[in-house]
Structures are given as C-alpha cells and as structure tokens.
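Just so it is clear, A, B, C, D and E label the chains in written order, and each chain counts residues from 1 on its own.
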Amino acid sequence: MDKLKAKLIELFQSGEITLAIGYKQGTRGPRPFFCRSASDVEQMIFSNDYQPNLAVYLTKKEVVKDEKVAIVCTISALRSIAYLARENQIGQSQYKIIHLSPNDELMIFRSPWDIDPYIEEIPSTPSEDDRRVIEMLDAMTSEERWAWWAAQFSKCIKCYACRAACPMCYCTRCIVDNNRPQWIDPWASPLSNMEWQINRVMHLAGRCVGCGACGAACPEGIPVHLLNRKILDNIEENFGITAGLAPREGAVLNTFKPDDKENFIK
Amino acid sequence: MEKVGLYPGCSLKGSSREYGESVVALARVLNLPLEEIKDWNCCGASSAHAVSKELSLALPARILSLAASQGYKELLVPCAACFSRLKTAQHHLKADDTLCKKIEDIIGAEVGGVKILSVMEWLEKYAIDAIKEKMTHPIKARVACYYGCLLVRPTGVIKGDRVEDPQSLDNLVKLAGATPIDWAFKTECCGGGMSIAATETVGKLSAAVLEDATHRGAKAIIVDCPMCHSNLDMRRPYINKNMESPSAAPVLYITQLLGMACGLTPDEVGVGRHFVNYKEEAICQK
Amino acid sequence: MEKKEFEPKIIAFVCNWCTYAGADLTGTSRMKYASNVRVVRFPCTGRIDFMLLLKAFAEGADGIIVSGCHPNDCHYTAGNFHARRRWMVLRGLMDFLGIDIRRIRFSWVSAGEGAKWAQLVNEHVETVRELGPYENYKKAAEYLKEGMYNG
Amino acid sequence: MSKIGVFVCHCGENIGGTVDCEKVAQEAAKIPGVEVSTDYKYMCSDPGQTIIKNAIKEKGLDGVVVAACSPRMHESTFRAACAEACLNPYMCEIANIREHCSWVHEKGEATTQKALDLVRMQVEKVKKDLPLSTIKVPVTKKALVIGGGIAGIQAALDIANAGHKVILVEKEPSIGGHMAQLSETFPTLDCSQCILTPRMVEVAQHPNITLYTYAEVEGLEGFIGNFTARIRLKARSVDLEKCTGCGMCTTKCPTKKVPSEFNALMGLRTAIYVPSPQSVPNKPTIDKEHCVYYKTGKCKLCEKVCPTGAITFDAPDEIITEEVGAVVVCTGFDVAPTSEFSEYGYGRYKDVITGLQFERLASASGPTMGEIRRPSDGTVPKKIVFIACAGSRDAAKGRPYCSKICCMYTAKHAMLYQHKVHDGESYVFYMDIRAGGKNYDEFVRRAIEEDGVNYIRGRVARVYERDGKLIVKGVDTLLGGEQVEIEADMVVLATAGVANKGAEDLAQKLHISYDKYNFFAEAHPKLKPVETNTAGIFLAGACQSPKDIPDTVAAASGAAVKVAALFSKDQLLREPVVAVVNRMPPPVFSTCVGCSLCVDICPYSAITMENIKDRAGNVIKTVASINPGLCQGCGTCVAFCRSKSIDLQGFSNEEMYSSVMAALHE
Amino acid sequence: MDTLYIKKSDIPSWWNAIKAAHDHVVAPVRKDKVVEFARVESYEQVATDYIQTTRSAKEVLFPRTERLFSYKKNGRDIEVQDFDPESVPSQVLWHVRPCDAASLFPLDAVFNWDYKDVMYNTRRERTAIVATSCATADEYCFCTSVGGGAGDTRGSDILLTYTADGAIAEVMTEKGKSLVALSQNLFTEYTAGDKDKYVADVPRVFDVEKLKEKMHGMFDSQVWKEQSERCLGCGACAYVCPTCSCFDIQENPKGSCGERLRCWDSCGFAQFTLHTSGHNPRSTQASRWRQRLMHKFSYIPQRQDSLGCTGCGRCSRACPVDMNIKEHLSSIDKIQ
C-alpha cells in the first residue's frame, strides 16, 4: 500500500497524472475516490475485493476527458480493462493502470494488452456463498427455480444500477432504451425485469469478467450476478473458455467452431 | 533429474539379461536416475492379445498403474515387445473412457498418466550431453542401426515422425563415434514372431537384413529389441545358410555399444553372452 | 379429458433457405400436420434475435420451434454456427431461471426434409400439449399492480 | 393510418378447397389499417394482378399483402405487379397460405383461422415495411487474374475477348505455369508447348491484357466491382522496355550451374536467365540469389555485354495499385514435398524422380532433349517403375484426397517411355485406375494393351539402391498378395498435387476461404464451383483442387463468363436486403458504440469500423459501417448487436417483432 | 389533537379491528435482508427490527406502474375504459416512519399543482396513516436537518411512540380519530409527560434555511461536478426516494387491445431529458446531480412551500457508489 501511495505521489509530482481513480473510506465501506493531488493520496485505501469495479469510469468521457488518469485496479478491474481495450473502448496507452497484487506487489501496466499474461494465471472464480446459491438453484426443479427468481424479480425497481455498475455495459443507447420495437417492457413486472436480466446477461456472454459489481450494486439485494456466473460456467463447459481470462478467439458469441456442441438440436 | 521407472519385463531378466544389465550399467555410468518398479507383472506380449482383449489391456494397465502409484512420471521400457504392448494399451485406454473404466475395475486401480519411454527416447531425452562428456572409447566403425518393427509401428500409436527411415539410433551411434550406414532394411521384419513356429521364415527375412547390412560394409548390427537380437544372433548359423556369404557381424544392443564407448568393459555390458562373437578390435579402438 | 381440448400456440422461427423451403416441400408433398404452428420467416437462423423467442412466450405462445440449415449447409456459410452458440448460452440461462426449455425445440431441417418438418411440428405440438398452457410465464408478464401489497 | 390491401388467392381448389378464402378476406378487412380486402380465384393470373394494381391506384394503397402460395414461388411476380402500379415493390408481402396451410392441414375452422393469422402477421409486417430501392454498385470493368498458368491464360483471354481490360499477374518471370513444363498431354499426346505457346503469345499481344510477370499480389481491398489491388513488381534487374531478348547476357553469365526451376531442378541455367526458350516475355531476369554481382558486388558482365543498356542493377521492387472490378484466382498447385517419401528414397537416390521431372526428361526442350536418361549416370533406363499414389489417398500422410491427374499422367509416362525406349520394360504400381473422362480409359487400355506397360495392382513398400539398381519391393494384390521385387533403373513417383506454398497467405489477403489442405474454397461445391464466398472473386484451376487441363480450362472459361456477366452493366444491381448501421444527426451520429465485435461475426467481411470526424479531422466517434456491396443479408450481425444499432432491410427488427406479435394477438 | 395511550398487549386487538374495518393494511415486512412495505394479513407479519425500508411508502399512493386507461379496438370503433375510482380500496398504512409521513406534503403538492390527479388523490383520501416514532436511527438519517424529526407528526393521522410497555398515540386528524374509535375502549388519556425520551436523537448537521438560500445562487457552481464524479447514473436514488415523483407514460398494445401506463422514471438517467433531435440539455451526470439537489432544495421550496427531502437517507443507503446526500449537503453548507 505504501508503495502504491508513493508511486501515485511521484506521478502527481512529475505531472504524469492529474487524476487518480481509486478507493477511499466511505460511510460504511470503500467508495470510489477521485484523487487530484499528491496531498490527497494519503486517503487512498485498497483491497482486491473492493466494489465497485472502477473500470466503469474509464468509458465515461465526462469523467476522464482532458485528464491524465491513473486507475488503481482490482484484479476484476484489470480484466475489464483488458476486455474494454479489445472492444476499442480504451486506447493503447491512454491510462496508467496500477495494481496491487494479492501478495502486495505493485504492478504498473503500460498498455491494456500487457494485462493478459498476468490475468491468464488467475481464473475468475465465484465466492463460496455464490457457489452455494448456484448449487442450491441447480438442485431445484425448474418450477422451483422459476418461483425463486420470480420472487426475486418482483423486488426489482428497474433502477438499472446493475447496468450502471458494469464496466462492459457502456452502450450509449441500451436495448431497454430502444422502443422501436419495445424489446423489453419498460415497467416493472417479474417477467420484464427478468427479460432485462436475460438481455443484460446475454449481451455480456463472453464479455463478462465475473466481477460481481452488478449484484453488489443492486439496492434490493437481488443476486443478479449469479446469472452472469452461471453463463461463465456454461461457456467454460461448452466452449472450453475459462472465465475471466482474456478471450483469444473473439467474444464467444461472435465466433464459433464447426464442431461446437449441439446435443440439444434434434 | 527426476527418477525414471524401469520396467524390465521377462526378456531382460532371462534371454536378454545382458540387455537389462547394460541398461542399468549405462545409466550408472551416465548418472541417469533409474529404478526398477516394484511388483511388476507380465506385459502380455505374444499371447494375451490373441486370447482376450481385456487381458491384453489389463496386464499393461496394471504396470502403468503401478508406475504411476509408485510416483514415477516416466517409465523406461527397454524391451520392444513390452514397449509396444504398453503403448498400445495406453493408446486404447486414453481413447475410450468407458473401456478405461472397465479395465480400471478389473485391475482395481487407476491407470494414471505415466509417460512410456523406449531406450531410444530415454537416451535422446537424458543422455546426449552425458555421453558426449563421458565418452572415452570412440567406436570407429561402420554399423547398421536396425530398428525392427515394434519400436516404430504402428504410426498411430507410436507417433514417430520418420517411421520409414527412423534416425534415433543413427544419431546415438554417431555420438559414440560410429558411422551408421544408409541402408534399406532398418525397419524390415526379422521374422521375430515366427521364431519358433516358422523358423524358415526367420531364416529368409533375417538373411535379407543381414545381407544388406554386411553388403554395405557394416561391422556390427545395433539393435534395441530383444527379439531382433535373438533372431540375428542366436539363429545366425541357420541364417547364414540362407546367405550367399555368411556374416560374422556381431549384434549389439545400443546400450552395450554406448556403454563400451563410455568406458565400460565388454564383460560389464555382457557381450560375452552373445552367440556371434564380438571381437573388440574389429569395432572398438582403445 | 380437459387436456386434450388444449390447442397449444406454437411459433416457428425458421430460416428462408432450408427450413422454410423444407416446409414448402411438406406442402407440395401434401403431407398433413398439426395446424397449431405459425411460421415466421427469417433470412437465416443467425438473424433470429433471442428476444423474439422470449417475446413469443410473453405474448402467449405455449411452444416455440427454431429451425435452420444443417451445419455446413448455411446459405450464408456460418449463420447457423453463430446461432447455435447463441442458443446454447440462452438455453442454459433460461433453464437456470426456471423457464421451461422443453417448450423450445431446436432443429435442423433442410430444404429436402419435408417429412421431417411435418414430424417436427407434430411432435412438438404433442410435447407442448402434454405440458399444458404456459400460464405462469404469461402471469409473470403482468406488471406489479400494487403487487407489493401481496407480500 | 396505413392503407393496406389484402388479396386472398383461392389458387383454384388448392387453397379454396381447404381454406374459407372469402371469410379470410372478410375478417382481414377488420384489421386496423386494412383499406381493402378481397379474394379471387387466381391472384397470379393477369386479371388477378389487375385487381391488385387497380386497388393500389384507386385506393391509394401504401402496402399490399397477397395471401397465396409460398413467397419463394410468386413473391417476385406480385412485387413486380405492385411496382407497375407505382407502389414500392418492397411494400408487398406474401402470406403463405398454400404450402404452409391449405396443403398441409385438413379443411376446417382451425385451418381458416391459421390462414387469417398468417395474413395478419404479414399485414403487421407491411405496416412496418419501408420502401427500399435496389442497391446499385458501380463496376470497374477491369479484371485481375492472379496466376499465369493455363487457367489464368484462358481466363484472361476469355475476359479480354469479351472486350474487358485484364491485369494478369504471374509470380514467375514467365507465364505458362506447369503446363509449359509438360511434354505431351493425355489423352491425345499433343505436345503441350505446341498448344500452349500460341496462347501465351496471344496474352502478351492482346490489347486488353496488361501482363505483369515476376510480380505478386500484395493485398486486395474493397468489394465486388470496386477492388483495389496492390501488386509488387519484383525487381528483375532488366528493363523490359530496352531489352530486346538477344540473349547475349545469358551466354556471357559466369554463373552457369544454377538448377533450373523450369526443368524441375534437373537441368542447369545461368544467374541471368530466361526460364525456357518459349518464355513470355522472352526476356531475362537476374536471379539475385545466385548472381555474382549481388553476392560479391563485382562482375556486371551482363551489363557490359548488353547492347541496349537494359541491365538495371539495384533497382528496387515497385508497388503499383490497380483498380479492378473482379478477381480470378488461378494460382495453381504444387507437387507434394518429396521429403515425405523416405521409404522411396527420394532425394537419396538420384534415379528416383517425380512425375514432373519425368515430364522434363520426356520433353524435347528438356535437359536431355527428350531422351529418357538416368540423372545419375546418363544411361537409358531399361527397366522403369512408376508408383502411382505417392502421397495421395494416404491419410497417414495427411492427404486422404485423390490428386486426380496421376493415373492419367502415369499411363502417359509409361506410354512415352515405351515409345522412346523400345526394349524397355515399364511397371506401374497402382491402387485403382481412375480414368473417368473423355477417351481417358481408352488411353490407359492402350498403354496396357498396345504398349505393353505392366500394371501391378498394389503398393510399393520400399525402394532401395543396391549396386546401382533400385530395388522396388511391392505387392501384387491381384496375385493373392504375392510380394514383388523389381530391380529397376529408374523409379518415377506420381507425387500428390498440393496447394501452393503461401496459398493460405494469399487467401487471407484476398479474404477468401480455404479448406484444410489450403486449397481455395468454392462458394458451393455443386452450384457455385467457380465463385468464392467473397462476391466478385472467382476461382479457376488447380488452386481449388487438383484438376487436369480440360477441367482447368473449363473452369477458367466459367469464371471468365461470371466476370463478363458482372461487367455487362455499368452498375451492379443487388437486392436491398442488406444490413445497415444506423446514422443520426449530431451529436449522436449513431447509437453504435464501436465495440467492433460485429466485424468478426460477418461471414463476408462486409463490416469495417469507420471514424466519424469533425471538420478539423479529429475523430469524434468510431462506428461500424457495412458495405452494401459485400453484405449478403444474413442478419447475423443484427441479432448480435447489443444496442440494436444494426438493422436488416426487409427483415427489420420492427418488422419481425410485429409479425410475432400479430401471430399471438388478434 | 388527542394524546392517548394504549398498552402493548392491546395493540394487536386494535390492529385486528383496523384490519377488519379496512380492505388493506400495508406495513413493513422483512424479506431476506431487506424490509419492504407489503400488504399484511396478521399483526405478526409486521417488521419492527429495522432502521429503514429500502423503498419508501410512496408507492402506496403512487405505484411503480399504474394504468391510466385501457382500450379495445373493434373494427373502426374504439372503446376506452378509464380509471375507476371505485376500484381503489380503503387502506391503512401502518408503521411508517415520520420521514415517510412527511413526504406526503411534496407529493400532494405535485399531484395537485395545476392538474388534480384523480388517481393519486383518490388513493390519498382512502389511506389512513399510522406512523411510528423512530426509537433508533443511523448515520444516514438527517430528518432533523430538513425540518423533521424522529417523533415528528407531520403527515400522520396517528403517530405512535412506543414506551416500555405501550405506545403513546398522537391522534392528529379525523381519520385518526375514526381508527381509534374502532377500539376506543383500549385507549386512555396520556399524561405521563414528554415523549422525547422514547425518540431517537438525530443530530442536526446543517441549517436548511441557509442552505436553501445558498443553493439558489449555485447553479453554476463547480461542486456539482465534484460531487457527482463517482455517480454511475442509475435510478436507485430516485426510486427509493419518498418524494421523487417523476414518471413516464408508456403504451402497452396487444393487438386490438391495449393500455396506457404511468411508470416511475428518474432524472438520474441520461435519457431522461434526451430530445428526439439527439440534443440533451442535461448531458452530463453533473447537471443531472445538480437537478436532483436543486429540485429538492431550491425549486420545490420556491413553488410549493415545502422541501423535497425528508432526510430519510434511503438514497444514500441504496447508492452503489456511496453518494451520501447528508455528507454532500453538509459540504455545500460549509462552502463559503
């Protein structure tokens, strides 16, 4: 942590950065911190399990435009940056990407492409609790699962915090904002809420890094990130693509292999 | 260097004792860690696959399982017949999960994933530098490297890259200073499987092999298969009857040749056990 | 029996070049099949948006058929391969949400398989008839009319 | 409110016998937006079409639904009728109530209801339809032919004779390809050069053909009708304008022992050389690898002797660009790498040669002036063995396919040998004799029966040399598997035909697909044999799969016709069923966020990323852009686009959505 | 106003009397980790062990989604079915916080500003509000800073303040009286002094009057950008807020039938002010954040004589990036 702070102070003092995006202590937990001077660096805190995923700010022009930005990344944020670079959303050496590894090693990535070799060693895995809930759901009958999720989604107020917190949900016009046709009913109903989630998760299939920021953001505590996790599992099982590693062969749904499984097609 | 397991099989303990001894002696000279695996059984060669498919797989499977459970990652199998059986079994078991389960049920253990090495593979992987370093008695002779069939075929199982013109033995003898001849019978059949049942076939086939080798000036035949060895060596008087001019070229195991090049005495590598006399001065220059 | 009177509504999403043509062949061959199916024609299975399938259920379909060219037969060379991956992921997700994936039948029907089309429709109509109307899906589509009061 | 006309066809009894068409028309009239709804016995007949046309004019319809047979049957008929009545043809949709309804269901209420539902689905679709116009793509009437073998020569001549400009690019110093190397050709035994060289000369002299030899295509951008090719003109160190082809330089060149590629490495050539006496252009090229000057910086003998000062040492490669409208790929084939045949001793024994080398031996212009002589000692072989299928139909060597030409040329070789060496003995080891083709089997029979070639059905296990002879050990499967051993003087391998080295790279440069053997892939194996998946790029000859000369020439002419058809109009007309990325006024420009994932999903490489710039040239936004010339309208990108920024004309999101809704709601 | 007292043991029977007299009783109910308002059938269902529900009670009067009218097309005829006031049940909102009860003032004002909203007003008329003083509060609460308090009676028909063995009932309105009348015998006069000792102490952190004045001139301040930098632009704050009342009108056509619906919306969304032309007058999150605070603390007070915030702290609790409104207001207060 001291190394991190020292590095940021050095970057501020040398004029290499004007803004460092990191975390500081919030009301009860960490909150995103937009640090603008060496003297404020002291407030910075960091842990690899912090939420939200700060990579979400890198696609917000109004935040990063005209700034020289350093971003303090969790492993999940690193993954997101690698994916964002693949999707042309951030440039080659636009940001100083700083990371403190779980064994407290300070790492600075010159370009998003340099992240791949590092994260390739670290597959994205769900928490124990999440794994348990998924197993519980898997063990249910289809009807029981339906009832469970319908109850969850009757709480949803369509605030789209799940979308806002996701670094990969950077579309300027989301499908829910599209009303010709009205793909997803704009009002809250268990089904339209579920349809929104199906779209969100399908649109993230092969792009989601499994950071869980969506679930963490939900004010109603709906575990929407489990849907993403299930898809990561599904993709690994069916297409052999490990969760959270940078995709070498496209984004899963824009590529194919002629001998992909098709046991369900009769 | 990690220890490599050794599966000698019956030949190396019996009719080809000198082969087994020379393998162990060479390993010792070259400081290659090698350990005989415990509690091994027959590989089933020559009869099991004709009797029962399960048996022909279960016997090698048990050997592989033993090697894995005794902590070896690699298993040296000098006998060509054993090597072939083990490789074939592993190939079938890897390709078919159901079959593998069934065989594992029979042997009551998991097959595991030990890597099987022939003597050529073992030497090429571990011994090249050591041979260069330890060589004291270069061999200055033309020799014929004879591979036979079991160490290179079938291609689907063994997966060598030059099945029709293998080079491993040639490269190894070159290390020992010898000149391998370019000849056409490297992988031709010696008649091995017919040794008892149809000796006349051995006579014909082995004669063709020996004839081409001696015709091209080979002073010795280098082998790494006990069957080839016994045919070309033990049946030499019979073979000679099929040849225009009888051949006196000795048949040496690669391990014997390399051992002597690295300073082992002929006795230490057991050349005295051969039927065709090995005359040191003919091929070895002290 | 009450169940027997239930006539399921089936929407079929098919590609123009294989399955639609295959269904045309069923017609020219005068093979009879259940009239419950309504075919929507797409240029390619790659064009079929998964949201259309969900919408069909939400708006009252009891069953869905999705069909296109066999692998390697795609008129556009790869649309069906892309579609296949998409379906694989979608099916997994729908099942995890408790959506009854038995109601969606995926198939490859070529332009020459008129008989297969008839059989496919008949089989799926029977499958869905057995399952009954997809009521709980439609019910979930209703917005929460003071729904919060219901605990 | 829309004004839609619904026209229900009885198709005689075909529909009317099962569906209550009158009722369908009555009920359809109640659908909001339907202005007129009527039924008629035969809608596709003249009076039927007149009903539609009159209704469009009289009621001012803005959309038409014809409930009739499959759209695959009469969609174009009814759309044309609409166009005649001045309604945009794409505002006409077909409800298939025959193939999908009346013919497959029993007469009854449910069937009539289904017909009505199908009509309603199309009515709702028409409401969302937009008028579309045919896409017009300008066409540059100039073709690029890659490869100057017989395929390229034929394609270039056919296109040029149709009155269009052709650029012919050949990577070797001369055109002619493999055919120029052949001695005689089966099944007629005409001299290959005698029939080929006039065509080579014709190419050189044709006013419509620009020939670039010693040149390679570096890249190809663009789309059908509008390609830009980058061509590298490799520096040949000889100015073709000045050179008169007198040959002084080649006679004086001190480097005389370079293996001749033209002679399949059996003869020798100089460092400054003309591949063969019949070369086109018949002007030399300096082989920089072997030239003394290029190796040591000294010599320049050729420069000194050249009477016209045509030698241009140190000239760099030149890159030119050419605008072309179509491309014909004719890059031919190669023979399998002979290192694969260690069991046959190729490379070790001089007298084991390939079929192509035998062609050179048999050729009057070859290194032996047409006499069959052993490369090792120059003697005439008295016993010769031909091994057919050397590398072909051999899964173990990774090539399970048949090379197609070997059976025939082996028969020809054996025949030529027998004609030239009257007391010689020839043997052919074969797996099967594949002699399908006009006069082909007769030809093989002639070799066996008249020329006494010994055909042995079986494979050769091994060839080895012994005392100057080649011992061929094989098996005769027709004699019960008896082993055969032949002491031969020469062995000829009918090596497999394989894709050219670098075929994969070229395919990637051209954006065309190739199979696992690196042969280029046709768009359809039966119905589109000379097309590729990329519109405007065609294939001919052995770059696609091994082919003999007649097949190659036929394919080349076929490809040429495709090109000529494309060039027959100034503009290419295409169905407007293409995908479009939305564009909007600033500040939005497009809802596309430029993730570029659609670029990879397009099977036609029709999607590229486009920078939207402000007046100062700064990039404001990067968005996807779809080339309507390349897009084939599959819509895979449409369903994939997350923000729904891509839509497919004719099958738009709104159209498809409305159809589905209409199927479920009255 | 009557101040009465009811024994703890008598509350269930009073509750049952209320339940028997009214169609619906809506009260906080615990669901997993969150507590939300829901229709309850028995007194035991009512949750009390919480600081704040995630969502406010406003949806009882202003539902997330409500039908304005429905229609059915028949050939060329159209039959329209309007909102039916008779369909609204009489209901009691039980155990709401004083900050929720206080939120009815700004809501009343919005829905009766020029157009009188029949749907809101009918629900308002038919709803009685039994609020409960807060015995506990947390660091997000700041009701006292915006003119309210943990025992504030504004907006309540009855305010209950729990003592050790019963509850003080401050009966504020006729509606309240009629609820008491259902079990009049259970109530006694309360005279035992101040209720303050049973009510949580919520510290006052800024002077709202000064703040209102100051914000009036702060439209162009840099503070909005600074504070909103981490805002992700979701709608959580608006949807959980008891006073936010923005809505969107949506169509729900089903073939020849259909309905028009009113659904919640949020000024935090980028699309909220997006014009068809593509122009967006509030194009940055900073301008949207400014709108949120200015609306609550400047525009509403100017027009409606109430604040647009009751200090419930829900938005701060719901925010995925910990935008703490109390903290932000305090920092504005401190700007010189």
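We take it that a contact is a pair of C-beta atoms (placed from the backbone, for glycine too) under 8 Å apart; a residue touches a chain by one contact, two chains touch by 3 or more.
Since we're looking at a predicted model, the values are computed, not measured.
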Suppose chain D is absent; how do the other chains partition by contact? A, C, E | B
By that same contact rule, can you tell me which chains touch chain D and chain E alike? A, C
Hey, how far apart are chain A and chain B in touch steps, shortest way? 2
Pair with more cross-chain C-beta pairs in contact, given C-E and B-D: C-E
Most widely separated chain from chain B, with each centre as the mean of CA atoms: E
When the centre of a chain is set as the mean of its C-alpha atoms, what distance in Å lies between chain C and chain D? 38
Based only on mean CA positions, could you tell me how far chain A sits from chain D in angstrom? 45
Whole-Å gap between the CA centroids of chain A and chain C: 33
Provide the C-alpha centroid distance between chain B and chain E, rounded to the nearest whole angstrom. 88
Multi-partner residues in chain A (2 or more other chains touched) are 172-173, 175, 183, 185, 187-189, 253-255
So chain C residues touching two or more other chains come to 50, 55, 59, 78, 82, 86, 143-144, 148
Where in chain B do residues touch two or more of the other chains? none
Following the definition at the start, I'd like every touching pair of chains, please. A-C, A-D, A-E, B-D, C-D, C-E, D-E
Sort out for me which residues of chain C touch chain D in the complex. 7, 9, 11, 16, 20-21, 23-24, 26-28, 30-35, 38-44, 46-50, 52, 55-56, 59-61, 74-79, 82-83, 86, 118
Which chain E residues qualify as touching chain C in the complex? 24, 26, 29, 36-41, 45, 59, 63-67, 254, 261
What does chain A use to touch chain C in their complex? 137-138, 140, 142-150, 154, 175, 183-185, 187-192, 194-195, 197-199, 201-202, 205, 227, 230-231, 234-235, 238-239, 252-258, 260-262, 264-266
Across the complex, what residues on chain E touch chain D? 73, 75-76, 254-257, 277-280
Chain D partner contacts - residues on chain B that touch it in the complex: 155, 162, 164-165, 182-185, 188, 212, 215
